[in-house]
Amino acid sequence: MIKTAALTVLAAASLTNAFPKIDAHEHYSFAGSNALAAQIRQGAPADVFASANTSIPQQLYAAGLVEKPVVFTRNALILVVPRSNPANIHSVYDLQRQGVKLVVAAPGVPVGDYTRVVLHNLGLDDVLSNVVSNETDVRGVLAKVALGEADAGFVYTTDARTVRGRVATVGIRRSAEPIVRYAVAVVKSSAHKPAARAYVRRLLGKPAQKVLRAAGFLPRK
Amino acid sequence: MAALGVDFTLPLRDFELTLALDVERTVALVGPSGAGKTSILRVISGLADRARGRVALGDEVWLDTRLRIARRPEERRVGLVFQEYALFPHLSVRGNVAYAGRGRVQELLERFRIAHLADARPADLSGGERQRVALARALARDPAVLLLDEPLAALDAHTKSQVRGELHELLRELALPTLLVTHDYEDAAALANEVGVLVDGTLRQLASPAELVARPRDAFVASFTGANLLHGSALRSGDMTEVRLSTGERLFSTDDAEGEVGVVVYPWDVSVAREHADDSALNVVRGEIGSVVEVANRVRVRIGPVTAEVTSSSAGRLELGRGGVAYATFKATGTRLVPLT
Amino acid sequence: MRRLPAAALVFLASFCALGFLALPVVAIFSRVSPARLVGQLGNPVVTDALLVSIRTTLVAQALVLALGTPAAYVLATRRFHGRSLLVTLVELPLVLPPAVAGIGLLAAFGRVGLLETRIPFTQTAVVLAVSFVASPLYVRAAIAAFEGIDANVVAASRTLGAGPVRTFFRVVLPLARGGLGAGAALAFARGLGEFGATIMFAGSLRGVTQTLPLAVYAEFDVNFDVALAVSALLVVISAALLVTLKWLPSASTSRFRFATSS
């Protein structure tokens, strides 16, 4: 077996646990998808870019920075609260209460945009006035809730599972959920394009998809 | 004017300091460095906190460990002049003198001849000028006791002799109980009425300068006051004492002593000759001429183990400069015997 | 003859070092024209962040000076058991990664922390985070400044009738002024640039807790020009502080040096 050089994969923070399980050999950098895209725009050396939405890779594609993006998995949003549920949140509508400490991701971060879409769909735009922090990625939101500092936060269902004992989940009406599709693309400036393309193909293959399903991600189609 | 009474012990790094004395006029404490002299001043001014005993100015008690009285430095009416003066570098001369805030500033500036330096900073002054500022500053406080730490040590030789005289005059004028510490016996003798010799934390002798010279209590006091100190063993011989020196000579003394003794002879009691005069009334030590040093209008010459002090004209007449053998002679009455410490 | 290459090497190394330090700063100002930079300063994101930064850093600075000065004085002038341990504790935030500092603050003041307070996500949290990371810089400099004062000069003040408090204000502070000022400037600059502990402990909310450095990070992937403008603003403030820093020590040390020795 030919040992290939390790690829540099910039991936959305929500993929922190799953990607190394799929392929431990590569170098990963996990952050908010928009922050990673900005790095690529500034010329950061990367081989593969995996985003928690399709719009960001599309923008990079239009700018000629990545090859054509491909959807490789889906996800869903969920509301998490600390296990002790200090603010007694049992439904999304409880977030309207005065003084609730809600943490979300900043606009521009995929999960932050999805959050605002959900709230809009539910007619709960004014809940945003209870936001006490706009985090830079989904794991920041998760950490604040898991630590018990925030009363509630919007994260992906896959994130909630990584800290199972520390948070409780509050479901969101399926009809209000946005369509969350993750897309991956090969970075045009990559020095290992064949290997990068092979990585993308592996992502779409059965073994990788099994790992993603096991982590709670939804099937591609 | 009330007298300052001190009676305390203070543990120091290598030994314990014990001091009990009354200061009515000017007392100088002399001793080698490390004898604890500066610590004494710190105890009296309240800057040292591990002393046990009593310090009082007349009826005003500043420290009494038994009664649990310990007045803070700012509550004691002392004027302390530090060895390196410790002037406030960020204040002008006027600022320094006026620090205690009691008026009389202009008067003091003029009295100490520093009025023309009123706006200068300590960094711009000479050693002598700084000392005057330090004195003026301490006196501006209107102290009841004056404490001087090595007042002449930081001055160069030329300034020193001049300042010594001025300081003596000043102390006489002020008539405050004054305690000064110094390692130089000459300074102490020039400035004080009483001199105490402090060694390893204890006061060996407290007396007027003349008394210290005339009747040194032990070898250390003697050598400290500038005497020659020789070693020998003594034996009564009629109405005198015969001493056999460790170097072999036989001397006689009118003092009484037995066994191992220190033989004390002051340089100015020693005469120098080129020939041996056969005079049984004189003690004689023969030796090679070692160093010949001019000190003011006198000459200090070392002959064997003895230092003699003669006039410059005598030194010239004897041609001491060319070296060779000479004889140091001194009377039995000028040969004191002291216990060896 | 062998000295030549060594000298050349030193020169080259210095040139590289200086270039490396200067380049990012120069680059910030060269990427966007000054006109656009100034234009961006009118952006509410920038003004909000500026207000938050100024308010929180000033309050933090006041806290650091008020509490740090007496603490430094005690540590500088008294010898007691456990003193060196205390000094190490004081210096600890200096070597602590800011994120760790943030976690520590949460563990202490968080809702489920040691003292259950309602401080996280408030501007107070920013003040605390900034104070935490900036105080060691001030306290260390203050300790050095106080230690550099001749103890005899302080003692002289006492023998001249001034109690400990008057002595502190009339002698100690004026003599320590240079070092204290330098330490304060450093602490201020550090506090102004604090990021990791702030985002952990206080979060990031525009107008409330989003300081200038947080704004740079937030705007970095949204509007790069704004990020540049804020960065340029921070550079200008930091440079101004550094210049002030240069003034203070030279103004005081040269005057007071050698003053106490005769």
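Letters A, B and C mark the chains in the order given here, with residues in each chain numbered from 1 onward.
As a working rule, a contact is a pair of C-beta atoms (placed from the backbone, for glycine too) under 8 Å apart; a residue touches a chain by one contact, two chains touch by 3 or more.
None of the values given here were measured: they were computed from a predicted structure.
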Item checked: Chain closest to the middle [Cα centroid of all protein chains] -> C
Notebook entry, point to check: Measuring centre to centre, with centres taken as mean CA positions, what chain is farthest from chain C?
Noted result: B
Note to self: Can you work out the whole-Å distance between the CA centroids of chain B and chain C?
What the structure shows: 54
Note to self: Between chain A and chain B, what distance separates the C-alpha centroids? Give it in angstrom.
What the structure shows: 87
Check: Taking each chain's centre as the mean of its CA atoms, how far is chain A from chain C in angstrom?
Finding: 36
Note to self: For a test of understanding, state which residues of chain C touch chain B in their complex under the given definition.
What the structure shows: 150, 152-153, 155-163, 170-171, 174-175, 255-262
Margin query: Under the definition above, what is the set of chain C residues touching chain A in their complex?
Written below: 106, 110-112, 120-121, 199, 202-206, 208-210, 217-218, 220-222, 224
Check: Which residues of chain B touch chain C in their complex?
Finding: 42, 45-47, 72-74, 76, 78-80, 82, 84-90, 99-101, 121-123, 127, 130-131, 137-138, 140-141, 154
Check: Can you list the chain A residues touching chain C in their complex?
Finding: 32, 34-35, 37-38, 82, 84, 86, 101, 103, 106-108, 131-136, 140, 144, 147-150
